[in-house]
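Shared between the two complexes below is chain A, which pairs with chain B and chain C, respectively.
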Partner chain A sequence: MQWRARPWRYFARIGFLSLPLVFVSAFLVVPLVLTVIISFWERVGMKFRPAFSLASYLTVIEGARLKVLERSLIVAVEATALALLIAYPIAYFLARKASAYAARIVLVLFTIPFLINYIIRNVAWTSLLGRNGTINTVLMTMGLTDGPVDWLLYSDFAVLIGLISSYMPFMVFPLVLSIGAIDRQYLEASALLGASPFTTFCRILLPLSLPGIFAAIIFGFVGAFGESAVPIIMGGVGYELVGNTITSSMDVLNYPLAAALSSIVVMIMLVLMLSWYLIFDMRAFLGKILEWRS
Partner chain B sequence: MRSLAKINRRDALRLAVSGLMATAALRVPRSLAAGTINFADIGVGDPGGDWSKFIAASGYDVNLVSMGNAPSAVLNVLVAGGGQGTYDIINIVGGMQKPLVENDLVVPIDTSRIPNWGKNTYLDEFLAKGKPGFQFIGFNDKIYGVPTVLQGDSFAYLPEKTGPLDSYAALFDPKWKGYVALEDNYTTAAQKTGLYLKNAGLAKINNPDDMTKEEFKTVIDFLIEQKKAGQFRVIWNSFEQAVNLITSKEVYVIDCWEPMVFVAKSKGIDAVYADPKEGYLLWAMAAYLVNNPNRSEEQTAADYALLDFMMGGWYGAKITGLRGYMTNPQAPEYAKANPSEFSAEDAAKVEQITANVRRKFEKGGTWQNRWPTEVEFYESDWARFKAA
Partner chain C sequence: MQPGLPLSRSWPMWLIIGTTLAFLYMPLFPALLLSVRGEGGEEFSLSRFQELWRVPLVMNALRTTAAVALAVGLITPILGLLAALSIRELRMPRLILLIMLLPLFIPGVSMGLASAFLFRVLELPASLPTMVIVQVVWALPFATLIILTVMSTFDPAYLEAAYISGASKWRAFRDIEFPLIAPGIFGAASFSTIISLNETVRTSVVQGPWNTIPTYIWSTYKQVGLSPALYALMTLVILSTVVLAGTYLLLNRPKKVSTFDVIEESAL
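Then we have the complex of A and B:
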């Protein structure tokens, strides 16, 4: 038995390996389980007590919050799809066309948004997109419009701009890793066998980069779905996503309702994660990352 | 002069030790203090970090901690965050007694331990038992909050774009369609709308301070109608956002707080805070004594001393000057009588702000209700407005 030969080393290794498990359990699994449990609790006056009540879920289904949830899903899907359309060509260029040096510089530049406070970042957009903002001023000065274009800010368009600019950089990284890890010989073989670049893209590049695409989708969707600052700053008249409605229900101490909304969000995220896990071999994807880095 | 490059390691060490000693020396008064009062505040009650007068008088230091004003933020800090054992006093917009008292988070105030209580004529004028303002400091006939700030809110406008405005009707006037902003708050925006609808005879609302479900639904239906007609440009959520809306002239009429107009004016914008014929949305901040059964009698005495200090002239004048709100009747007199502490200009500012807010209270309107009877319905129906 291994532990008898070197017990100290064996248990140290077990202890070390269990650290991430303990961390994830304590700071992720336990709070999430508690959230789900509280979502079934009953409200009594201003307090709540343990029970198995579906009242909070019924409130979500029957009230305006279902509309908010629906809108959050649609907006998150739209923002993720658009961001993917922008991120994929960028990632392809960085992984396949740019020099390693240039790619590194561009990737570092993509980390800059993470270093800027998200509120400042979104407020900066309002200065650009507002009625008296830079873009409208330029449009009017050039005579392209008679008056300011109102829908640039406080609109669906503005929310999409805010979400894409916030989460698209997150999506570039897994895509670069995924595309960069594809063996160049497959693409060359495809070309030698007479496939057009489009056919090569559809039948070789795209399928092989799917794990990266899915990872990018998760990165983008999770962020966009839970976003609360962008709709507040750029969304206009009461533009609310699910993150905002959770906060709002907590304002009146309706914790079971907030927990029910959070549980629904978590469940949607879990379905996404689970499908990623079931469809793609995550270890193979991580292996590709290591290969690409070496 | 020696250049920085010539400083050697020994010099650097010497400098570091001197710095540490200097820091330690500066901290001596704090360590000598009899204790510390942990004071949680929403950003209004900080007299520019200067508690020296209170420290000198009481021997107690004040540790000011920032906290949110939303009911959930307050309760989260006190319950989930262990704030009951940490904080002595919380200074927030009043009217939160129901959730605070029913959760045993605050204790009644023994007003006999606050000498300045009797000198505050605003209590009788605006906050006495039986008056609507009482709900900002009292609950079930007991006093739970010490009034620290009083104010009346309306809306602001840009006269160059709209001309003079004197009614909440401006918020819903099609002339300003798409150039109006509301606050994302059902206890302010919806209550002002209720006040307008009642005064204009457009809806049967008995009491905008505490609307029934049906009355509140009428208000929300009206707001949804306006929203769908494109009346509103945005619903703002933060002080900076509202100021930005005014200064960038993104909107011409905005439901907001008066200090936002002060900031806009300081940036050269000709903005006016309206004097609506329907009156104001009146409110007060209250300092609550946190319920901590383990608090010593000495600490409680120090907490009461701080509450008394906050009802005094110096503190009141300081807060009025810094934040633009009325505080207590002693403030203008104190500022005028102490030119070494307040310049003539500052004293005039305190007097002018106080007179302006007093006028608002005399005019009346509706008292903001932070925790209306149907608060949950308010919240869910406001969500309906936002989702519409």
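Then we have the complex of A and C:
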């Protein structure tokens, strides 16, 4: 065995290679565990001390914050579903119908708005959607409405626009990857055997692209459910989702409550991530790298 | 390579794609257009940008942003390369990949809050290093995925050839693999820099007294709302992101094989 011949070198190499793992564990896994621990701390006056208290979780369950969690869940599911409905046909078209050159250009065009700070993009939406904004001006000039439309900004509609434009571009990529990896012959065989395009879609394309759909849903949902800036910008004063409830708990220095809310959100994400990991193999993401090993 | 449908049949889909892209690009225009409008209402003026130079807070934020982005752009690709190599070399590659992708699954506020707790416990004051650490954790999954993609186009037979010729693992990596995957590493560097330039929510929790341009925009917006100066700053962020993204695309231009061909090939 390798390690018996040169044990020092062997372990040095393993240690060196696992640096990124150590980094992520130290600066993400440990802090998340710490968050869970702090969520059980108790409040004494304005200070906190280590304890095992369920007070923060009781505050979440009893108060208006359960409503906030419920609303966050509904808004996040709506945003993710709508984004998926837009992203899936586009991804299918790019992976299966467009030329490789055109598909690459379109994917690049999707990357650029994704990369640009979504807070900047959302702030810009307010100047487009507001009462005196561009869209209302256009609508009134065209004579479609008499007065400015109020629900365009500071509403559920605005929050959905903000969430979809923030996270939809990122959902296209896993979909393109998984649809592109489906063997063309399955689709052809289905058509040759007389299945309608709709049957082929339901029985072949959809099941085979599930890993990509699930990955896209996770990316959209993680973004939308934990989002803290979009509800402030697009929802306006008093619009609370769990993300900005966490930041406002931090602003009033109620760290155990912020930690409890954050832990609930992270737990939901981890359950989603683990089910993705257990249900689907990640070959679409690892590709040839794993084939080499066997 | 697939030839693609003729336009006569595919135009409805192109219309949908065009509309979606218009929806995504629309929010970039208010900043770009309003930042070049002069104080007296002139059509084109750069006075808003000249004003920025006189605000010490903005200049400090600019320096902080540059320093943090540089550090993140240097550290992340190195860790990303090691991560990609560890997925190939160590046991349990799927588990390693899952841990490396973990930051993608954690919402920004939760990540910021958790890091703030850690730095408090370690008694590390909010400073440039804490901002760099948080941003590297966030950029690392992207860098790892980019390097993994480039690595998957590299033919392992080259490494075999190097070993047969008597090269050590390190020598084979340095002389054969590294030059071939270098574009991916530089691509990961520019991608990490872009992420650092745009990150706001995580950074704003651990920044302490330091502001970056995005966190300055965010806190100013929350306190006083939009202003022409803010539009000018947004324009700076948008333009530098586009320039860096262009650099990234130039570095990762598909030569003979593109990611698409790899997918196509593995599908056959």
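Assume the second predicted complex is superposed on the first by the 273 of 294 C-alpha atoms of A that agree within 3 Å, B and C clash if a C-alpha of one lies under 4 Å from a C-alpha of the other, contacts with A are read in each partner's own complex, and residues count from 1 in each chain.
In the analysis below, a residue touches a chain if its C-beta (ideal position, glycine included) is under 8 Å from a C-beta of that chain, and two chains touch if they have at least 3 such contacts.
Since the model is a prediction, treat every value here as computed from it, not as a measurement.
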item	value
First, second, both or neither for A:Val237, with chain B first and chain C second	first
Partner chain in contact with A:Pro207 - chain B first, chain C second, else both or neither	neither
Contacts of A:Ile38 with chain B and chain C, given as first, second, both or neither	second
First, second, both or neither for A:Phe23, with chain B first and chain C second	second
Contacts of A:Met250 with chain B and chain C, given as first, second, both or neither	both
Larger contact residue set on chain A - chain B or chain C	C
Partner chain in contact with A:Ala102 - chain B first, chain C second, else both or neither	second
Which superposed partner A:Val222 touches (first chain B, second chain C, both, neither)	second
First, second, both or neither for A:Thr126, with chain B first and chain C second	both
Intersection of the chain A residues that touch chain B with those that touch chain C	123, 126-127, 232-233, 247, 250
Residue ranges of chain C touching chain A (in the complex, touch as defined)	1-5, 10, 13, 16-17, 20-21, 23-31, 34, 79-80, 82-90, 93-94, 96-100, 102-111, 113-115, 117-118, 121, 133-134, 136-137, 140, 144-145, 148-149, 151-152, 156, 169, 194-195, 197-201, 205, 214, 217-218, 221-222, 226, 230, 234, 237-238, 241-242, 245, 249, 254, 258, 260-264, 266-268
In the complex with chain B, residue positions of chain A that touch it	45-47, 59, 63-65, 67-68, 71, 123, 126-127, 130-133, 150, 153-154, 232-233, 236-240, 245, 247-254
Complex contacts: residues of chain B adjacent to chain A	70-72, 75-76, 98-99, 102-103, 178, 184, 227, 232-235, 237, 240-241, 244, 248-250, 375-376, 378-380, 382-388
List of chain A residues in touch with chain C within their complex	13-14, 16-21, 23-25, 27-32, 34-35, 38, 86, 89-90, 93, 95-104, 106, 108-113, 115-117, 119-128, 134, 165, 168-169, 177, 180-184, 218-219, 222-223, 225-229, 232-233, 243, 246-247, 250, 255, 258-259, 262, 265-266, 269-270, 272-273, 277, 281-282, 285-290, 292-293
